[in-house]
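Letters A, B and C mark the chains as written, and numbering starts fresh at 1 in each.
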């Protein structure tokens, strides 16, 4: 790892480790938010940046994790519930992965969206059938613990994305992104790799959802499966671009701060800006800011040579 | 109602036909724009929403009856389509040659546009659903009771579908359209003005969507967010009916309308979304990719 | 034992018989040419061998092991490499990264990055492409991309390499270069080569034996000389009998 990257991560780790001791609930809240979005976006990248299969349904793993924790509340130890949430999300990805990943391009995008919505409405119907409109949690751990778990998850997602990005598996994923048919002809087991990436991308969001259920102390399907979560993740990822763990940092920081400013008072303005960012980055900067910098630097070097 | 009562209810049949015909109009437009340009415009449903609000403003503000303002709104939306093409889409399509990644990215583009449109409407009108009363007296035919606005809506919707179908059948544009949907580069070589086909497709498509919005605004309440489920329904219709196949699209709209109306009646309204997205997911997974023949060549 | 053997391989697409009871075998280390007019079934033949399309009937074996019904990535790992008629590079990868995929996932299955690099470097040297190792693939000329296709197939560590019109679209100089490269690789690495080619001169020069396909059927096999004089081939190509 380059020195500059190592320094970056060390500094970030130090900042986030410090925050709970700052005494400011507000700062802790923002820190928690950033860690959460970082974990979600980096895990999303494991599938979508590396394979090019852009998922608009990432929230489904988050929601499933939330639901599991709420449903098993005080029936099983908390640490077990959180891990089980990750496993549940991974299992779901494993089961739907094969049929879903056979669909390509824009169809995959809307399929993942539709799938997340389907799970959401199924759960809503099931809850309505059981006469439950929302579920409340009492006696949830305090925010320092929640923060700590989220920090661990964010570190895990960073390690995961960076690890996959540098591995042979990651090279195979990127190859199939470049040309799926050629990759298969060269020996890359594309179906298995896609599904593995899908499953890997699901586990951490499942646990993040579990933790956030503890934070909000209540569960309501339309919120836990809110498509806005998927959309935020995509925009955070495309702002930074690239397929390493650094990419999401820019997008996460920017959007968390932006939503701090706008979300409570005027959510529609936040959403309009989000929409504009999506349009801007797709049309003008499809490689993201990081990608744009890298290309510029490479072109300058080529000119010198 | 018992299952048999449900199945033989004229009331439900009427409702199903109405739903189907609205879906049909919305889907026809999407079929043409997607078929010719292979861009998944997920903001298509938002045009329906714009049409609804336009009719609402014209009615409550200027007292213009929706059946008249339908003409203006339809034309305005058609114009919007042409402008969108000249302004944005032409460049986007010229840029890269239709790789799966570009198409996925363009979907995000339209998604972004959709978010912008919806939330601009929220800032203008707030998120509270709106409605207005027009032709709401009830007419009775045999066992059926229907408000005037629903009868009018059904009539207009069916007329619009027939008009579009007739235009495509008898005007040479219909042939050009099918050629472009099949292989646009080949169509270009044999002299079809592909840009023209794109523009007309967008005009008809957006116009039809706007019209659907006007009709919906007459019958039910609407909010800035009605667009999306309309888009999903339209996609189901074109996937089921086949890309570029307008006639089959009408059939598919009918199936979807029936499925939705009777399905909800037999189960419950909360399951409407489950049904819609369930069919959506299944059709995307099960129907062979060959239904959308991949474009070869540059 | 032959290296690759096809027994009564047929492939239908609806009513169209793309391949009809095709049988032939390829000896280890042989350079076998595949000839035929457009639509004769040559690329379909390749696709059936590499697992991109399943045969409607018939068997394909590699060193006696069954190849029929395997997926393309499995076929590759058994030791079969191929190029595509329309090149399919990884456009945003460098030439080296393109080759690394082949080295890591092909029959060679090299796990370590350093070892894989070394393996690919040697292939680049054999192909005379060392200078281009760090070029993004999309910036190569057509000739460069065709050579990349070939290099990738060789890099998989395949013992049998299938070339589908690698010379299409090349200038006469580039054709000569490519011919020499193929001959050199064939000899140096002791490869078995199946080569589909329309550039007759190159095909005749390179091949030790030729199989001629017409409407999905094998109408002749033999040395280039024999094929040149074969009455059936003349009838099909020139519409006359000698």
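Worth pointing out:
One rule holds in what follows: contacts are C-beta pairs under 8 Å (C-beta built on N, C-alpha and C of every residue); 3 or more make two chains touch, one makes a residue touch a chain.
Predicted model only: the values in this text are computed from it and were never measured.
By the document's definition of touch, common neighbours of chain B and chain C comprise A.
Once CA atoms are averaged chain by chain and compared with the all-protein CA average, the nearest chain turns out to be A. Top-ranked chain pair, ordered by C-beta pairs in contact, is A-B.
In this assembly, the chain whose C-alpha centre lies farthest from chain C is B.
Each chain gets one centre point, the mean of its Cα atoms, and the points for chain B and chain C are 49 Å apart. Put simply, the C-alpha centre of chain A and that of chain C have 43 angstrom between them.
One simple way to say how far apart two chains are is to compare their mean CA positions; for chain A and chain B this gives 32 Å. Put simply, chain A touches chain C in their complex at residues 168, 171-172, 174-175, 178-179, 181-190.
Of all residues in chain B, those touching chain A in their complex are 40, 42, 88, 92, 100-101, 103-109, 111-116, 118-120, 122-123, 127, 232, 235, 268, 270-271, 273-274, 277-278, 280-281, 284-285, 289. Taken in their complex, chain A has these residues touching chain B: 52, 54, 56, 99-100, 102-111, 114-115, 117-118, 121-122, 124-125, 128, 177, 231, 234, 238, 266, 268-269, 271-272, 274-279, 282-283, 286. Every residue of chain C that touches chain A in the complex is listed here, in rising order: 50, 52, 71-73, 76-77, 81-82, 84, 88-93, 97, 100-102, 104-107, 109, 111, 113, 152, 156.
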